[in-house]
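Please find the structures below.
You will see two complexes here that share chain A, one where it goes with chain B and one where it goes with chain C.
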Partner chain A sequence: MTSTRLSSDTRASRGSQPWRAIAMVLLTISTFGPFVILVVQSTSESWRWPSLLPDALTLAAWRGVLGGTIGRAAFMSTLLALATAITAVCVAMPIGRSLAQLRGASRHVAAALVFLPVAAPPIALGAGLQIATLWLGVGGTAAGVWLAHSVPAIGYVALFFLGVFSARSDSDSDAARSHGATRWQTWRFVLLPSLRGPIAEALAIAFLISWAQVALTLVVGGGAVRALPIEVLSLVRAGQDREAAVGALLLIVPAVAALAALRVGVRRTDALPG
Partner chain B sequence: MRFPVERRIATMHSMNSSASAATAALHLDALAVPFDTGVDAHGDASGLRDISLTLARGERVVLLGPSGEGKTSLLRAIAGLAPLSHGRVVVNGRDVTHAAPELRDAVYLHQVPVLFPHLSVSENIGFPLMIRGVARVERTRVVEALLARLQLDGLADRAPHALSGGQRHRVALARALAARPHVLLLDEPLSALDPGLRRDVREAIRIAHAESDAGILLVTHDLDDATALGDRLAIMLDRTIAQVAPADVLFARPATLSVMRFLGLHQEFSGTVAHQHMVHTPIGDFAVPSASLHFTRDARSVTVAIRHDAIRCESCVTADTAPDVLIGHVVHVHHRAAGSSATVQLAATTVHALIDPLHAPAVGTTVSVHVDPRGLLCFPSESAHV
Partner chain C sequence: MHRRSPLPLLLAALVALPVLFGVAYAALAVLGLTGAGATGELDWTRATALLTDRTTWRGVSWSLYVATVSTAIATAAAAGVALLFPRRTRTDRIARSLATLPLPVPHLVAAATALFVLGQSGLLARLLFFAGVINEPGAMPPLVYDRAGVGLIVALAWKELPFLAVVGIAMRAGVSRDLEDAARTLGATPAYVARRVVWPLLWRGLLPAVIATFIFAFGSFESAVLLAPVDPAPLPVLTMERFADPSLARRSDAYGLALIALVVGALAVAVHEWTRARWGALVK
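Let's turn to the complex of A and B:
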């Protein structure tokens, strides 16, 4: 009876194999296809319909990255994303910890408030933040965009730390304080070192939120702050496909790097005993 | 670093509670402690009330009580890790009621040892010294001394996750000693440990005690642990401390019916006061203990408690057996590590009587039951002090 079931399972498995293969091929094409096209586009002299491949290849667009608008935009985006990441982690970590210490309805209400800028459409958030940044005198500046990026980033990262701290007890900070550590020493010598992994993940999340931000940069920056997504958008609209492809590929780099870092982190965690 | 144990014990026994408040390691004055979650395990929102206790320097007091009674809440409140709603906490003569946890000189040790995972064993032990800015040379000297005294040699560089359960307890105790507190608050350090590890941790606590003049307040559920580790036992019942006494006094004279029932060392019988000096029970008439005379003057019905080890069973019933000896038949025999007993059906009631495990009577055997009147206590039917 067992062998009958095994053989029928094997048949079913074999029967589903072609469909599985087709699904894998489709997934691979949909995942990597756009990137392959971007790579080819960024290195092609000219690539027009109905040619299947470019007529000639060139690295001219890539050479222009360092000194050109894409390079400057990438630098601006990096600065904005770094500032946003650091701000978000510094502000959101204590918020997440405080939320984790709340009990009952107040916890749900506070978590919902933190979630609001995350859930709100970026364009709506941008409209509100534009007014706020104008009041503060930083409208249309990198500082204003940094503030605007920080709002959703803080929301995301606070929710991330809410999860982190909810899964931890207060026993280590209690132990530290009971042994004579002040609040600051507890953070400095106990909580921060033991939270290295989550902090790195939170920095990556906030960096990526800022890095990919279009609506907030456009609305609050007013076109004056030329971050990479804005530059790519301009290039696409102007029909400069080769330069746009280079910019788009640069936009992908941090996400791929973050995924790779997470993968390494998971491997290291798996390697820990216990 | 070693505190003269003899002097400490002499000091401890010479103290009386009223004189000791200023010089005691710990003095609790009418504390009221709300529960962390608002209510206790039974849904009661009243919290702990009127907790008063004094620990002499170097004294070990064990806090015993049913689960959910608030023992952990009390320890955390003393350490400043949970709020107080009323009362005063005095550590080494200093009022720390409103002080931050780090300024109390009272180290709270969690039931499961909490070691900082990113620090090695020696760094964990040296943590209290490091945050106080103690020089590295001095820190190393103290850590090495503690490693040796708590039998942790060779483990200095090991990570906490690479330690056994007993070693983790020892490191936690060593770290607490490095802080040189006036009070050590140990929250059920022996619960959920296997017998071998239990012995190991008990020994570590004894070493910790010998190395420090800190008062130790320790929570446990186990009477054996309590008697092994405590100079005095404090019984927590109904959200307050019902009795504090050395183990021998506590076991011989539980202050209330509730304490007696919690300790579980006695069998209860309903009794009727025949006259002030005599009480009638289903297992015979007994002289009222002198400590109970003050209420048997007025009370009519009482609860009579007889220590389990004061009721013994004899197998031999002969024609010569005196007529006032209790006669019954065995309905069940219990063999336990602590001793064997038989349930004996008497004419009017059932008793549990100690038996010789090597000559245990068979079920159905007729036996005689002997009661040692020295193991008898009387309580008013409602709980009140003896």
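Let's turn to the complex of A and C:
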């Protein structure tokens, strides 16, 4: 039986070999190709048709980042993303814990409610948020954009913590409470120290949600808040490919850092085999 | 034993409040009860005009078409990665990493890169020139701003693949080896096991993620504004155009379009929760 199965496995493996090779080539091209193209585009001085490579290279666009519009936009995006990340984690973590206590139909209703700001198309979400921020007197300002970014970020992070707290036992916090700890002390000395990893991951998720927002920033910021994605969008539409490529690469930098954090998290939860 | 406090549901409602507020405001604005140009009296004229406007439904159906095709391509590719590279070998690990590496790349970056590659004088056109297929940029078939939405579909599928691959790989790893062994012991071939044992479990586990990516593709503004044609204008672009319309009366159309997008999103959330409740237990 064992030898039959081994030979069958080997045959199956051989049968899929060409497909595996083709898939590997396609994956390599689709993963690294776009980054190589952006790097080349960002350093091209001129790139006339039909040359496959730029006629000359320059670092002018990169040198212009500091002190230029891209640099200012990156700074604005960093501030917005940091503020959004901190807000989302502070608000969504207790909500996620509270939702994890639900069972049955109410749990599904709660999860669907929290999923709404995540699932709502950003431009549709922006329609209501634009009015809300105008009423609050922060329409067209960075503060308004920060509030707007926080809405989907809180949804994402609440769902994230719903998963985290659903997988955890409450025994530690129950023990602390039974020994006389207050709610605050339980959070401060029991829950938070054991949640350092998930909190870091949640901060990264919320940071990236804000970092990549285009539609919400445009609708609520009214074009006055020049975050990096808005600047990159303008550059691409204006045909300033070299500067746009620099901005696009800058948009990827924190994303890659967050991926590293995600990898650590995924490995810890054994979501990936091997 | 669990508490029956209404607090968790209230907190969940609080998170959803901005969306619910947006829905209420948009509904009132479309009916002429609030917003720019509102008379304060119930007026169905704008809502009727919007719902009978061919542009609206062409935008909705085109956005649905692009989201469906791009999600289908990304799902097939993600399932392919999960089924072709399930082992703990170095090659399989590298393949899985390659598939998931672009996960956090923003939609905007994917769309901008697609423009550089697929544009009329982009990298693909240059490669085709050197291969002798075309002799000038004008001979390149339009892959961006095209009615078939090729460039947009490619950009969205590329962006969706890593997320679906992460879920697909995790699902494939979670399929019990015992089930496969039992089928093999009963004489099933590896292909039959993949088709009748692994694939049904993988598909059910992937479905909530597939619905989520469909929603994101449907609502992606930045990809559409860079790669979609002017006619038919995709729903997110059409909505933004109406927001910026100099005519105050037409601005209320933006709220109507936002409502349509929210209805599609809400339907997808309902399907998402239904599939989670129905099949969640099966894939654990």
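The rule we apply is simple: the second predicted complex is superposed on the first by the 243 of 274 C-alpha atoms of A that agree within 3 Å, B and C clash if a C-alpha of one lies under 4 Å from a C-alpha of the other, contacts with A are read in each partner's own complex, and residues count from 1 in each chain.
Please note the rule applied: a contact is a pair of C-beta atoms (placed from the backbone, for glycine too) under 8 Å apart; a residue touches a chain by one contact, two chains touch by 3 or more.
Keep in mind it's a predicted model, so treat the numbers as computed, not measured.
J.: Quick one: chain B or chain C, who's touching more of chain A?
T.: Comparing chain B with chain C, the partner touching more chain A residues is C.
J.: Is A:W19 in contact with chain B, with chain C, with both, or with neither (first, second, both, neither)?
T.: Touch partner of A:W19: chain C, not chain B.
J.: In the superposed arrangement, does A:V190 touch chain B (first), chain C (second), both or neither?
T.: In the superposition, A:V190 contacts chain B only.
J.: What is the contact status of A:P229 with respect to chain B (first) and chain C (second): first, second, both, or neither?
T.: The second partner, chain C, only.
J.: Looking at A:T182 after the superposition, I want to know if it touches chain B, chain C, both of them or none. Which is it: first, second, both, neither?
T.: first
J.: Once the structures are superposed on A, label A:D172 by its partner contacts, choosing first (chain B), second (chain C), both or neither.
T.: first
J.: Please work out whether A:A143 is in contact with chain B alone, chain C alone, both, or neither, and reply first, second, both or neither.
T.: A:A143 contacts neither chain B nor chain C.
J.: With both complexes superposed on chain A, which partner does A:A112 reach: first (chain B), second (chain C), both or neither?
T.: second
J.: State whether A:R103 touches chain B only (first), chain C only (second), both chains, or neither.
T.: both
J.: After overlaying the two complexes on chain A, where does the chain B footprint on chain A coincide with the chain C footprint?
T.: 103, 272-274
J.: In the complex of these two chains, what residues of chain A are touching chain C?
T.: For this pair, the touching residues of chain A are 1, 5, 8-9, 11-12, 15-16, 19-20, 23-24, 27-28, 30-31, 33-34, 37-38, 41, 49-52, 92, 94-95, 98-99, 101-103, 106, 108-117, 119-129, 131-132, 151, 154-155, 158, 208, 211-212, 214-215, 218-219, 229, 232-233, 236-237, 241, 244-245, 248, 251-252, 255-256, 258-259, 262, 266, 271-274.
J.: Mind listing the chain C positions that touch chain A in their complex?
T.: By the definition above, chain C touches chain A via 2-3, 7-9, 11-16, 18-23, 25-26, 35, 80-81, 84-89, 91-96, 98-99, 101-113, 115-117, 121, 123, 125-127, 129-130, 137, 158, 161, 166, 169-170, 172-173, 184-185, 189-191, 212, 215, 218-219, 221-222, 225-226, 235-236, 239-240, 243, 254-255, 258-259, 261-262, 264-266, 268-270, 272-273, 276-277.
J.: Applying the document's contact rule, which stretches of chain B touch chain A when the two form their complex?
T.: 37, 76, 79-81, 100-102, 106-110, 112, 114, 116-118, 127-128, 130-132, 161-162, 175-176, 179
J.: Within the complex, which stretch of chain A touches chain B?
T.: Touching chain B from chain A are residues 103, 171-172, 174-182, 185, 189-190, 193-194, 196, 272-274.
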